[in-house]
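Here the structure comes first, spelled out in structure tokens, and everything after it is commentary.
Labels for the chains are A, B, C and D, by order of writing; each one numbers its residues from 1.
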Amino acid sequence: MTFSPEIDAAIAAVRADVARLHGELVRYGLVVWTGGNVSGRVRIGEDPSADLFVIKPSGVSYDDLAPENMILCDLDGNVIPGTPGSDRSPSSDTAAHAYVYRHMPEVGGVVHTHSTYAVAWAARGEEIPCVITAMADEFGGPIPVGPFAIIGDDSIGRGIVDTLSGHRSRAVLMQNHGPFTIGADAKDAVKAAVMVEDVARTVHHAREAGPLIPIPQQAIDSLYDRYQNVYGQNSDTRR
Amino acid sequence: MTFSPEIDAAIAAVRADVARLHGELVRYGLVVWTGGNVSGRVRIGEDPSADLFVIKPSGVSYDDLAPENMILCDLDGNVIPGTPGSDRSPSSDTAAHAYVYRHMPEVGGVVHTHSTYAVAWAARGEEIPCVITAMADEFGGPIPVGPFAIIGDDSIGRGIVDTLSGHRSRAVLMQNHGPFTIGADAKDAVKAAVMVEDVARTVHHAREAGPLIPIPQQAIDSLYDRYQNVYGQNSDTRR
Amino acid sequence: MTFSPEIDAAIAAVRADVARLHGELVRYGLVVWTGGNVSGRVRIGEDPSADLFVIKPSGVSYDDLAPENMILCDLDGNVIPGTPGSDRSPSSDTAAHAYVYRHMPEVGGVVHTHSTYAVAWAARGEEIPCVITAMADEFGGPIPVGPFAIIGDDSIGRGIVDTLSGHRSRAVLMQNHGPFTIGADAKDAVKAAVMVEDVARTVHHAREAGPLIPIPQQAIDSLYDRYQNVYGQNSDTRR
Amino acid sequence: MTFSPEIDAAIAAVRADVARLHGELVRYGLVVWTGGNVSGRVRIGEDPSADLFVIKPSGVSYDDLAPENMILCDLDGNVIPGTPGSDRSPSSDTAAHAYVYRHMPEVGGVVHTHSTYAVAWAARGEEIPCVITAMADEFGGPIPVGPFAIIGDDSIGRGIVDTLSGHRSRAVLMQNHGPFTIGADAKDAVKAAVMVEDVARTVHHAREAGPLIPIPQQAIDSLYDRYQNVYGQNSDTRR
């Protein structure tokens, strides 16, 4: 398949981002062996259903993730033939990523990991309460739990979309499974994956030792609003 | 704005220190993504209220923290125009750092992190008891908790100053938020940030498994006194 | 002892793999000092009892594990004289590895570590329940416990073989001792060692904080079946 | 002070070892900032009371520990004037190291850290029970607790010597303080420091989740005996 030079450039940029961002999953200890995956949407034109996305190949070492090994897919999760990496199988979570991109046109990146503490909350099917200001900043409230769903149909993707639609949180803990995060682009979704493990770990340890002090809802709202609108550089906003 | 060569040299030295010291936050695992910040005071002359300080830009990766990216501010937290980095926004915690420098002229460095175990104690609003000799050495007693306060006015800065004024501890756990530390200079404040997480983690694990043995107050006093006055090299004292 | 060029090449390949794979034990924090060991089978011909295996020398630093330092043994655990490394003693766990290779001809790799959380379950003699989908994928159910056995006869090897024969799990927690893992080759056994520590840690933390949600047996079966047959690249299957 | 060429060579070798071994404390996460120290005995002749030892300077960064920065002391803890590093203060734990060398002539290395889990047991004044075979191998039984003692007289050194004399363990947990380890040389003492943290962490987590299975005394004795006499290379025995 051939694309216009503009789209080729957009694909190349997302390939480079997605390849590089897998290194952040390693840096922050969110993945072991070949587990975990990052994808990024390539915006093609007016109609978001014609968009593409770039995702990691299945079962490949994090040491071997160059941009040309990333795999280009359409929003039904089909590999685009004749493109770099198209001779390999994409991540086994590709259908879930595709479902999210199809149903949430504002989402530009999706990340999935089995990070330790986020999975621990997921194994109990328990949402993470918002008791630290960094969580209010980043997620605007608790991290919700999604349904138990296994690979093989659309149930994982649907669980993510149903849980996160209209929710402030960019992270969902899929029950017995682990976190999926979304973002404006792949980098933003990776940031959410890093932060959800950070708050999962911190709140886990906090609660081990005694009762937690809740943060008033008004303060949560105020923190979330400020962080979404003021934090960071004007030329490099968080989202 | 232009300064005398002496002040220019002092600013350059603090810029270099503050940039480098952010790397220590990463080395000791106290921060993730762009969270956390270090600042250092630049002493200008007789009147401490005319001093300046250097702080990290907001929302910038730890991989991109060169001295010329650091931001120079006055003690009201205003960026000094026309200086390197002045086209960027300073850390969103700049107002809190400025408040501390205004009200505690002896303080030469301030650090803020969301390090895991220190935040865990903060989420319960619980001070860390002094049950290990390293804590007596470094902090001279328990690590106190400061009030719940959110960004937007002087309440964070005031909470830090009110809690630490006249207290041996150079660290305060701001409730539901995390640790702020102060020091004679930026390096000393970073050391306090490293040590407060170390003792928060150790005492957390110690108490998980059974009752702790208190250290007699007289022994705490003796350890603190020795460490503040004898430890380290004559030519390179701790403070 | 001399071998045909084909067997020499097979030995060289396993030496290189085993040497390199020890680095993965370090990378994932599964070992300290000189503890832990990886071995790999060298298939010689039709009769698996004539096979050889390559294992780490005893008590040697992970910094000094070059292919030529690895030790070649027969399936009774005797060092093959006149081969590189044969002047050194093999790992003190060599007899256990040899027992596994003698009694499980399908096994091509064996790994032993004292990784923290796997040993913690082993010190209680408690199997790890299958409550996360990654565990269902990888191990197809709980991680079983093997008997208490000490070095000096075949009791460790026999405990591993008795526990894992006919079991989906490629990992066993030897009581009061630690995990042994098996695989189609050394890399597969190392993957199992990495994953068993990952699930041991995650389920440990999950259960600290409240009751776990079981995964229905049918879902475990389905996940295990898919992962064993579909995951990864066609040209580089997991096993 | 001048020495014979043989003694100069022995001092240089211990300086190099002690400098390098501090890096192992960092590698295994046993120390933060400038905490922790390693020393090594220099054997001078027939009379062990004439021996010397080499120790780290006080309050110096682990990045700056070259052999020539190490400090040479006599067994009363006095710095030997006119030797490299003698213009600096030795570790504030020098008196404790010296006491051990004076009273235990077989000891060739001493290490002190504030490693997290070992300190956690020390803060409860609780010995670590021997429930894992790696602990039986290395320490031959439980890790004992020494008395509460603070810097300023011989009480720390005396507590170490009184607790470890005639004990199989090379590690003692000084109450409210942390581990001190001894060994045949500095490397052996560092190994003990690495292993004591490893078992402190593992047994801590094991016991969090339920009752531990004891190892029969006869099995402990057998494991200890084998490990001390058989493990490792003939040319490079553990001790």
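A few remarks follow.
The criterion applied here is as follows: a residue touches a chain if its C-beta (ideal position, glycine included) is under 8 Å from a C-beta of that chain, and two chains touch if they have at least 3 such contacts.
This is a predicted model, so every value here is computed, not measured.
The chain with its Cα centre farthest from the Cα centre of chain A is D.
It takes 90 degrees of rotation, in steps of 5, to superpose the Cα atoms of chain B onto those of chain D. Look at the contact of chain A with chain B and you find different residues on each copy: under half of the numbers used there are shared. Separation between the centroids of chain A and chain C, computed from CA atoms only, is 33 Å. Between the CA-based centres of chain A and chain D the separation comes to 46 Å, rounded to the whole angstrom. For chain A, the set of residues touching two or more other chains reads 208. Here the touching chains pair up as A-B, A-C, B-D, C-D. Those residues of chain D lying in contact with chain B across their complex are 32-35, 57-60, 88-89, 92, 114, 116-117, 119-126, 148, 150-152, 175-178, 204, 207-208.
On the side of chain B, the complex with chain D involves touching residues 28, 131-134, 191, 194-195, 198, 201-203, 205-206, 208-213, 215, 219, 222-223, 226, 230-234, 236, 238.
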